[in-house]
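Notes follow the structure.
A, B, C, D and E label the chains in the order they appear, each numbered from 1.
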Amino acid sequence: MSEVGGSQGRRREAAGPASGVPSEQLDTVSGANESGTVSDGGAGAALLRISHLRKAYGSNVVLRDLSLDVPDHQCVALIGASGSGKSTLLRCINLLEVVEDGQVFLQGKDITDPRVDGDTVRTTVGIVFQSFNLFPHMTVLDNITLAPRRVHRVGRRAAEADGMAMLERVGLADKASAKPDELSGGQQQRVAIARALVGKPLLMLFDEVTSALDPELVGEVLDLLAELREDGMTMLVATHEMSFARQVADRVVFLADGEVAEEGSPQQIFDGPTDPRTQRFLRRILDGGRL
Amino acid sequence: MPDGWTPSPIERERLAYRRTRTRRSALIAATSTIVLLAVGILVVINTPGWPQFRDSFFDIKYGWQVLPQIAEGLWLNVRLMVVCEIVILALAMAIALARTLRGPVFFPVRAAAIAYTDLFRGLPLILVLYMLGFGMPSLRVSWLPSSALFWGCVALVLSYSAYVAEVFRAGIESVHPSQRAAARSLGLSHGQTMRHVVVPQAVRRVLPPLLNDLVSLQKDTGLISVLGVIYDAVLNARIETAATFNYTPYVVAGLLFVLLTIPMTRFTDWVARRQGWTGAGGAP
Amino acid sequence: SSTGSTGGSGSPSNSASNSASVGGSSSASVGSSSTSPSSESPSESTSGGSSSESISNGPSTGTTACSPADLKTKKPGTLTIATDQPVYEPWFVDNDPANGKGFEGAVAYAVAQQLGYSKDQVTWMRASFDSVISPAPKEFDFDINEFSITSQRAKVVDFSSGYYDVAQAVVTTKGSKIAGAKSLADLKNATLGAQIGTTSLNAINNIIKPSVKPAVFTTNDDAVKALQNGQIDGVVTDLPTAFYMSGAQLDNGVIVGQLPADTGQPEQFGLLIEKGSPITSCVSGAVDALRADGTLAKLAEQWLAQAGAPELK
Amino acid sequence: MPDGWTPSPIERERLAYRRTRTRRSALIAATSTIVLLAVGILVVINTPGWPQFRDSFFDIKYGWQVLPQIAEGLWLNVRLMVVCEIVILALAMAIALARTLRGPVFFPVRAAAIAYTDLFRGLPLILVLYMLGFGMPSLRVSWLPSSALFWGCVALVLSYSAYVAEVFRAGIESVHPSQRAAARSLGLSHGQTMRHVVVPQAVRRVLPPLLNDLVSLQKDTGLISVLGVIYDAVLNARIETAATFNYTPYVVAGLLFVLLTIPMTRFTDWVARRQGWTGAGGAP
Amino acid sequence: MSEVGGSQGRRREAAGPASGVPSEQLDTVSGANESGTVSDGGAGAALLRISHLRKAYGSNVVLRDLSLDVPDHQCVALIGASGSGKSTLLRCINLLEVVEDGQVFLQGKDITDPRVDGDTVRTTVGIVFQSFNLFPHMTVLDNITLAPRRVHRVGRRAAEADGMAMLERVGLADKASAKPDELSGGQQQRVAIARALVGKPLLMLFDEVTSALDPELVGEVLDLLAELREDGMTMLVATHEMSFARQVADRVVFLADGEVAEEGSPQQIFDGPTDPRTQRFLRRILDGGRL
């Protein structure tokens, strides 16, 4: 707490429009109570910077004092036990939860500032949920074109062309006019991914995207993710798939007790973990024969 | 079948068994229903008071005679219903959405919506009709409309909006919050989320109670007749009954209302079935 | 909601006329003052006049101020008269006021004629009981629909002088337990019914004082139906309606008898006029004149049942 | 806090900002609401007809005078409502469950349930009241009750069951089929599935429209008064109004109804909130 | 089709009570249309025998002509691409779907016979769904004790003791009075498993049970399944986890085109697949780095 307490900055302006103008030069504004220099978290390289984040549900403190950087064009894997708060962290980044303390900087802007417009932030951040959350009253194609048409004001024809292309990419073009209830779990998950990708977000958050996919498709999705990264996508991926974390991620972050217990390159984490909690976690997975 | 499948003998036997059983059970159920109905009717017909009852309520010749007049009244009910319903649906949805706003900022809006619902749902419609239909013109303000029909419709709208708003609210709250989260995460604003994701699912879920309110609105439009300005189906029936001391006109009005309700019911059921799961029943 | 109905209750003036037989000689029992009843308390003004004497003069007739040319009616040159929908015999016939049949239909035309309006200058409209009693502006010049004059009602509307003195009577069917009742005491344990908004209801409560609460009906039709079904033992209504009920509506109806008045004040039906209307005094004058020249008595004889009914003590 | 957390300055600043903004917005909203109301009231009070309007609808002295009588009537409404409501809820649930039965075997049951709903929802309540309240006793059958109050209640039950059944049906159909599949897979029978899994979720979702029907039932119990057997609040008001040409008794009855409705509304809202997600609002 | 068509048998009796009396000697009854010898599918060893099963949704034929045996006390893994009908097959076995043709024998009894009481069958077969389907209006403990109390008529006290023991086993005893909505995905999945196990079924069907679990817990659940098998449980497990299929299953069945494309021991399937579809499937998984 104390580090941040000393010098802090905040922004009067809302986050910029959907287009990703990288960290504009913003004025530093003196806070009402305290003033200081801007602590963008040193910004620049890190598209997403999380600083001393805290989030609790009632008395259950899920995230305690969490700091984390996701640099531009990188894929960061988030691993940790069930209930360690991976999903919660992603929801906080997407402003679907109000944080209790700490800050989240996107392109150097503090998006937890109450003056920031949450909707604008969310258009630049895509998320795919653990449970797919498709809209059951719409067809697959309508699910995918909803945001482009309503938020980005793309015409129906263009949106549907984009949507079909995206469905093609996830191998579900023939299900375009099906209702989500008629799809298998894996098919639903692919639609959810397509829906998040079609908005061309700056940052993608994936919550267990591969958990419902069959092994054949996991490969395809991994290719898709790799491809996305080539296109300049920054990604934060919560996952239970250690093989995924090992092969695709640039960096691996291990969550425990509401904080980052350890982070580093996949080699560092998987081959030479230093934190005892990481060591125990990885040993148990190894025993399960899954690494 | 594209793969040239034909039912195996065992499947055919199963189908035959199911068909037999279905047919038998359906027969039993249908027979018992019909027998029950027939017995009921026979009992009633053989009571000492039946001839008088029949003449009082089911005088067919007289019923035919008053039919055109009552149908004309019904046409008025229908027109009033349509006009009022459009306003009611809009107003009720606005109130329901106001109640779903969260956060202390919206407290006054929420409080106003709650107060509105409490007041107009609690007040007997007849009182609202009197206060507006008789009270407003008695204020003698030139720029206020003085037509009792206008104020009657306003009273209906105020009362029914409170009811329908509660129906909409139930629907909106029954949509799982994860749907809202998904929509917001795509960048949709609160309004867009409501409009494109929550409300369509909400409305579909509450279609039957919505239709309830529509059906009773259709009948309650007749209450405007206390203001002395319209001749609806029930008033026409009452006029006839008063002249002849025979309740058949009421029965005719009732049957016409039922006939009007049935297609509306089938239509909403069809709409509901067309979108999303049909629900109900589940496993065999 | 209620249909139109006979007049009201109001605590002070609620009894029927004490004349022995209204049906027989109604004109003899007319007892209304000639002063304008549009004042604050018409019951005072009515009681101010001698209650059961005939009045010899009708002073306000013939004044030029009350001719159609001067009268500020709602629609100039025509007299708009309202009544309820539907209306009943013997007050109107065939639910058609314009045919001039029935006691009130005939009285309405007589008043119009007295004021100088021809038959074509009279327009009829319908107004529900509820709308008539509201403070809202009225579209009619007067309403004739068995409204009893009371001081409370006169705060909201104007009344003309009374055009008919009302007595209450009990109707039942042959074979009912009160068919042979001879006194009020015989009615004590009966379930009696009456129409809402009528003095009949007060008559039951104040004169008969039965042990069972009276049944209240929206219309007299419903009361008759309940009587036929044996759900109630008798119906209390004004005497003319009672004759009509027992004669026309019920197959085996009988009039048990007429109720006595419990106070000295006669109850009267009056024409209902918008509060503070400029025509009230003219209309009252016309009614007074009709009473004076015996027209009201003649019309009562023509349209209302003439047989007498024994008074229950 | 167990972990000794204290808000950081930045969090405190954020909280302060949020509080200020909330306070300001709430103030604006509250002020505008109150100003609007005040202006409306002032305009009405300054109309030429206001004194007469006030005397007709808000005669406070007269209102106090009739209050005991109307309150007594209301107590009758409440008792009738409670008795009828219990029967209505049971019958309506039976009908709603009958409509959810699947398969051709149950066709007659389903058809009977649909016919029932169509008929009694479509018929004006007043006709059902007349047919039962006056019609049944007129059959002169010794073993049939002839009490008009009994038949009045039966009429209310028949009419309202049809409405409430539709409300229940909406609730049942809004429960996702996977819930049924899960319950059946545990070995629960269709009945047990409905009782323990589907109906509890269904009822919770339709509480607001259910309360709608309860509130209007409470007022419609008064309609039994057309049979001439009860003195409910509205009838008492009407008797007074008919006698004095003053609508204040209606206003008194209306306010009493509203006062009765409010705690019922708060109670159901509380019940609904206690179980399961509250829904509504969602993301900030 | 033709094999079965020639000689078929069916049972007049409903499936037996919950207790698993193994294949009683039943009378052969002549069918109404045709008669023949009993084709229990040779019964005896196989607790579950599926014979020429067909299931379609409208014109989409999901299972075409599927035959499969699950012997007593064995764990059979069901693998196959997304949408290949694994979930559908499990639902058919549990009589949650009406099959279009073919038969399913449980303990030698044809449970697809319309004369069989589905509820009784379902009490002997447990299923854990891909999407957890917990009852949101009940606490975790109530979710678990519902079936014992209502179906098996166990008293509340006994049922709750059993339920708590089961929650203990899946590591969620402290969440007993939470509502499902307050649990993380993994926690919900464990509750669903506990709920299915507490009824002590003869046969357990698992549909992607590990997909939502974090790797730490997968090991625990695998131990749980192994333990169950020791206790005599027969299991059919639809899964995308090849490591699971390889290590735990006695036999592996590969579904494709609505039929069993190949089956055998894990060694046979993973090391020497003969069907070209299996080969292709496994190769793609291998490319995804997941075997």
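Keep in mind that, in the parts below, a residue touches a chain if its C-beta (ideal position, glycine included) is under 8 Å from a C-beta of that chain, and two chains touch if they have at least 3 such contacts.
What you see is a predicted model, and the numbers here were worked out from it, not measured in a lab.
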*asked:* Which chains sit in contact with both members of the pair chain A and chain B?
replied: D, E
*In terms of CA centroid distance, which chain is the most far removed from chain A?*
C
_Which of C-D and D-E has more C-beta contact pairs_ = C-D
*asked:* So the centre of each chain is just the mean of its C-alpha atoms; given that, what is the distance between chain C and chain D in Å?
replied: 41
_For chain B versus chain C, what separation do you get between their C-alpha means, in angstrom?_
42
*Could you please state the distance in Å, as a whole number, between where the Cα atoms of chain A are centred and where those of chain C are centred?*
84
*Mind pulling the chain C residues that touch 2 or more other chains?*
1, 134-135, 225
*asked:* Using the touch definition from the top, which residues of chain E touch two or more other chains?
replied: 96, 118, 131
*Would you mind listing the residues of chain D that make contact with two or more other chains?*
21, 49, 52-53, 56, 134, 138, 140, 181, 184, 247, 277, 283-284
*Which chains are in touch, pair by pair?*
A-B, A-D, A-E, B-C, B-D, B-E, C-D, D-E
*Considering the complex alone, what residue numbers of chain B touch chain A?*
178-179, 181-189, 192, 196-197, 200-201, 204, 275-277
*Partner chain B, residues of chain E touching it in the complex*: 1, 4-5, 8, 10, 31-34, 52, 54, 59, 61, 64, 95-96, 98, 100-103, 112-115, 118
*Give every residue of chain D touching chain A within the complex, in rising order.*
1-3, 5-14, 16-18, 21, 283-284
*Under the touch definition given earlier, write down the residues of chain B that touch chain D in their complex.*
21-22, 25-26, 29-30, 33, 44, 47-50, 52-53, 56-57, 99-109, 112, 117-119, 121-128, 130-131, 134-135, 138-141, 163, 166-167, 169-170, 172-177, 180-181, 184-185, 190, 193, 205-209, 211-213, 215-216, 219, 222, 234, 247, 250-251, 253-254, 257-262, 265, 272, 277-284
*Provide the residue numbers of chain A that touch chain B in the complex, in ascending order.*
18, 91, 94, 96, 118-120, 122-127, 129, 131, 133-137, 146-147, 150-151, 179, 181, 195-196, 199
